[in-house]
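The chains carry the letters A, B, C and D, assigned in the order they are written, with residues numbered from 1 in each.
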Amino acid sequence: MVEEDTEIDCVLRPMNCEINLLSRSDGSTMFMQGDTTIVAGINGPMEVKSQKMAYDKLSIEVTYTPLTGPAKVDDRLIETYIRESCESAILVSLHPNTMICINLQEVQDSGGLLACAINASCLALINSGLSMKFTIAAVSCMIEKETGKIIMDPDNTQLKNAKAEFTYAFDSINKDIVCCHSVGRFSQSEFLASVDKCKQVSQFIFDFYREITKKYANTV
Amino acid sequence: MREVPLTNCERNFVNKCIEEETRLDGRRLLQPRPVKIYFGSKWGCCMVSLGHTKAIAQVSCDIRQPKTFRPNEGTIYINVELAPLAAQHFESGRQSEAAILISRQLEKCFKDSKCVDLESLCIVADKKVWSLRIDINIINHDGNLIDCASIAVLAALMHFHRPDVTSTGEEIIIHPASEKDFLPLTLFHYPVCVSFITFENGNTIMDPTYIEERVGVAELTLGMNSYRELCSLHFDYLTKTMTVEDVISAVSNHAANYATKLVQDIKEAVAKDVQSRYKKDDSDTSRFKESIQTNKITTMISDHISIKLQKWDETMIEDHAEIENNNKSCIIKHEEGSAELISVFDDSINKEESFNSTYDSDSDNQCLELSNPEKKHIIIDLVDDSD
Amino acid sequence: MPVDQKRINGPESSVPYNIYIHSEIKNKGIQPDAPKRHDGRSNNELRNIFLKTGIISQAKGSAYIEMGNTKIICSVFDPREVPNKTGYCVQGELFCEFKFAPFSHHKRKMHQQDAEEKEYSLILQRALEPAVCLQEFPNFQVDVYATVLDNGGSALAAAIMAASLALANAGVPMFGLVTASTVGIYDHTYLVDPTDTEETFCCTKSVPGTVHNHGIIIQAALPQHGQISEMFVVGSVDTDTIVHSMDLISEAHKDICPLLEQCLVKTVFKTFRPNIKKTDTK
Amino acid sequence: MDLQYKTIHPVKYLQDHLEQGIRPDGRKFLSFRPVSVNVSSIVQADSSAIFKLGDTSAVCGIKAELATPKADIPDHGYIVPNVELSPLCSPKFRPGPPSEQAQVLSKLIDIVLSNSRALDLKDLCICKNKLVWVLYCDILCLNYNGSVIDACIGAMIAALKTLTLPEINYNSETGVIVTHPENRKAFTVRTLPVSASFAIFEKQLLLVDPSDDEEDMSSTRFSIVMDDEEEICYIHKPGGIPISQNLLCKGLEMTKVRAKSIRSVINAAISTLNVNNIETNSPK
């Protein structure tokens, strides 16, 4: 599994995005990684329902809508990942007694949906102007069944012969692990190798955030 | 969150504008907003934007047993989802009244007008038929959801291709795309919805925006196909105070003309995308990526990013093998199919506590032993004494 | 039926395998005239009862009861304000929920409460209410949850007893303990504390015209006061039978009540002298 | 006094304990709670297990039923795991449809089952295209005191391991099904995944097997599931404060040791049962 040369080439799918595309949300983005597309919208901070109120911090509500079919148990898991990841990034104590809604719509899934959803919500949060401790970037990768090679940001066709698939999210300051999700069986060294690679790749996503924000911040 | 009430200022302003035959976005009274259709990479997936209103439709299919009173017909199910993404006052989870109203209108327009050839969806009569499911997700609500949704449904249905099946008496084989090309659906006619709103002063406008919808007093939605036939009609007084003169006859001709033109546009868009797919040509299709305009300041398009990664160095990880394994534990087996793992601490206080919390001796039990006084009960936590 | 979107769903329909068992292999029910019952008891005999309190640490009070194969766990929580209530209410309320675990029954139970469970919840509430000093917590409600882990017959009676123990364990002021017992009636046979097969036998296997009396009587009582708090009858029984079964039941109550008392006394001992048993724990 | 302090100032109560290097329940930071397993005590279920982790306890009951397979995978049976966090187990839950937490837990269990490949759904096939087994695994939490996922996975795996299914004869010509309830065959479980949960507090302090209070006040939590061959089946960290890779490694090492001992407890419980069964069954 360990290759001889010190540098490994890998290719990320093209990232495309449009921010502020929804007129009814306070911050929104359409984020694409390859063909995987997510539309995210942020509303708030606003009034909170009494049963969900937290007196000392901002509460976060996440709604994820799949493209086909009714809402399922699977979507609740994605919502949990996004809520807990974003909660760590946002300065929640700045807005006590209020809530924000993060609404996500799956548009197209061709691999790496969770990573794309986390990135889209982070970008939408940046767009909404909420104060954050750090930004988060999610990276997905997989281990190929036959070769044991780690492939970054795989798409659906590559995932068909995956032994294991990982999604990690990192913070922008220390590059520590914010969230972690895995599919399939794998050994400890495979896990550590994949964390390390994804950590390096996450820098490119942070750069992308910076680029897009720079582009429109100049004119604002 | 409740819908934010409309201020009187806004109401009066909109009313006055309409009176002067101008609209907030500069359109004429009977002018619709521009329609854009983008197709996804899967069959039967499209995103439609009508001005700022945006909807995504996806057609999917699976094999089911047909309804008993229509044994040789496939089924269609239309589901409209109004998530909080579209507008914050929509609630996720359960279907709101608005969502039911829209899906019912779409059902009338597409299902009840029999525009899809359901008989061709039959595989084995009375046993197995294709069941189509159309999911419409509204992602931005800027008025006239029904028109936007109907365009999305029509485009998705025209674009959709289902897998081919062969029936060998008992079993059926579903062919993947690699074996046999997918088949398009057969549509008999192409209906779309066209909506109008009438205002207090009697002026009627086409394709209302969100604010116009809230100010208007009566709404009319006509389901028209390209042959100028009426497929569905929905008329509703939004306020109970006004009587509206005959709008239907006034606008129906205009609606029919617009519907014909719109259907023509949709057909062209679908045909273009389908043709390029058949040619395996990726350059000229309206994929979702195309909806992102390159030159806008809020957009960013990047290419494949090639990265050179540092090789992962195994020595980077500190050795954690020295984790102190001083939590000795022992396993206690009990007779009735149960076992316990109890940590043995060096600390005697802990030991006593842990024993006390996990293991209650027999003296805790009270047994009413009428039948079998000799039988000894060994009861550990929740234990059965069945056999 | 709409699909439950909040759970992981299996196939649209499935059938238990038991229905395909050859009918000869299925046991032939109960012989009413046999001297001994299936499990070797005589007709008036109760099954062994095992009781334990404080089994759920997160609850205010809890109890676990085992009667033969029947296993029920019950928990009681701190009083809380009655939700969606306007105005002052002099008396507190009991909220009872009775639930069969999906795997507890011969036939798999659905997750949502069915009609039977709702009825049992109500009976549980009515059986307990007379024993609880409701005036002590006006405008508040006490939640009682009972879950049947394994149904070996007489589940409702066992649940009532477990609930009353749990209430006492939670320190809810009460007038007395509630005991309950079940009698299955088939013709002139009275089966005290019936098992699940005996229960179904008493309820269903009656050929019209041959047997007049068949059914089940469940009675809850406060034996310390000689009062009956709830009575529940299914089937068709004549008045003489009812009178006779009442005698049987009150006998049973007399046997059961000391057990509940003893169990509570043990609990109290344990609270005040937690070290007492350390010596005999191995 | 202790109790009042805890009620009034729960955060400080915990912090004071942690500063002294001990946890409120008397454990050290890296010590697990005792485990007790009991199998096959529920008569009405096809197999069942109760798994206790300190106070936390979960019971899993499996009911097997028959159904027709899906058209696209005609030789696969179904396994339907569902976790019920009923109001019985903690004042946190209210009656009604499953809370979001219960849904997430059900999904996690489902993921662990499919990731670990502990069972082959093809084993559940009776007749291709016609008849397969459906295993309804219902997991009921009886006492909610932290690390519930560990207890749920433990209960489910122990129940699956002891599952026996009756022999079914299916006549493909006539479609007649006959059950032989006396011939029960054991069901193969390929591996025993074991989960361990961790909680992280400020300054990257790692606590293993957290209780409910510790979970509530922690900055983040994660769980690791490992199978027989020390392969990782699932790493679940839903969010919370960022943690370093080293902490995860530490967790992995701890899980390795823990998984081994939990597997031996489950096996010990099953072994006592088998002996017992043979003894009681032989006279019949």
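Definition applied: a contact is a pair of C-beta atoms (placed from the backbone, for glycine too) under 8 Å apart; a residue touches a chain by one contact, two chains touch by 3 or more.
A quick map from chain label to UniProt name: A = Exosome complex exonuclease RRP46; B = Exosome complex component RRP45; C = Exosome complex exonuclease MTR3; D = Ribosomal RNA-processing protein 43.
The shown structure was predicted, so the numbers you read here are calculated from the model rather than taken from an experiment.
Trainee: Which chain lies at the heart of the structure, taking centres as C-alpha averages?
Mentor: D
Trainee: Hey, which pair has more contacts between C-betas, C-D or A-D?
Mentor: When the contacts at C-D and A-D are counted, C-D has more.
Trainee: Please work out the Cα centroid separation of chain B and chain C, and write it as a whole number of Å.
Mentor: 45
Trainee: Chain A to chain D: how many Å between their CA centres?
Mentor: 28
Trainee: So, what's the distance in Å between the C-alpha centres of chain B and chain A?
Mentor: The computed centroid separation for chain A versus chain B comes out at 21 Å.
Trainee: Among the residues of chain A, which ones contact at least 2 other chains?
Mentor: If we look for residues of chain A contacting two or more partner chains, we find 70-71, 73, 192, 196.
Trainee: Which residues belonging to chain B are in contact with no fewer than two other chains?
Mentor: In chain B, the residues touching two or more other chains are 317, 382, 384, 386.
Trainee: Residues of chain C that contact two or more other chains, please.
Mentor: 6-8, 55, 69, 71, 149-150
Trainee: Which residues, counting only chain D, touch chain B once they are in their complex?
Mentor: Spelled out, the residues of chain D in touch with chain B are 26-27, 30-32, 34-43, 50, 52, 54-55, 57, 59, 71-72, 129, 245-246, 249-250, 252-254, 257, 261-262, 264-266, 268-273, 276-277, 280.
Trainee: Help me check something: in the complex, which residues belonging to chain B touch chain D?
Mentor: Residue positions touching the partner: 63, 128, 171-172, 174, 317-318, 320-321, 323-325, 327, 329, 331, 333-343, 345, 349-350, 353-354, 357-358, 380-384, 386-387.
Trainee: Going by the contact rule at the top, pick out the chain A residues touching chain C in the complex.
Mentor: It comes out as residues 70-73.
Trainee: Could you please specify the touching residues of chain B with respect to chain A in the complex?
Mentor: 1, 40-42, 45, 47, 52, 54, 56, 58, 60, 79, 81, 83-88, 92-93, 133, 135, 137, 139-142, 287-289, 291-293, 296-312, 314, 316-317
Trainee: In their complex, what parts of chain D are in touch with chain C?
Mentor: Its residues touching chain C are 41-46, 48, 55, 59, 61-70, 78, 80-82, 84, 86-91, 95, 97-98, 102-103, 106-107, 110, 134, 136, 138, 140, 142-145, 166, 168, 177-179, 181-182, 212.
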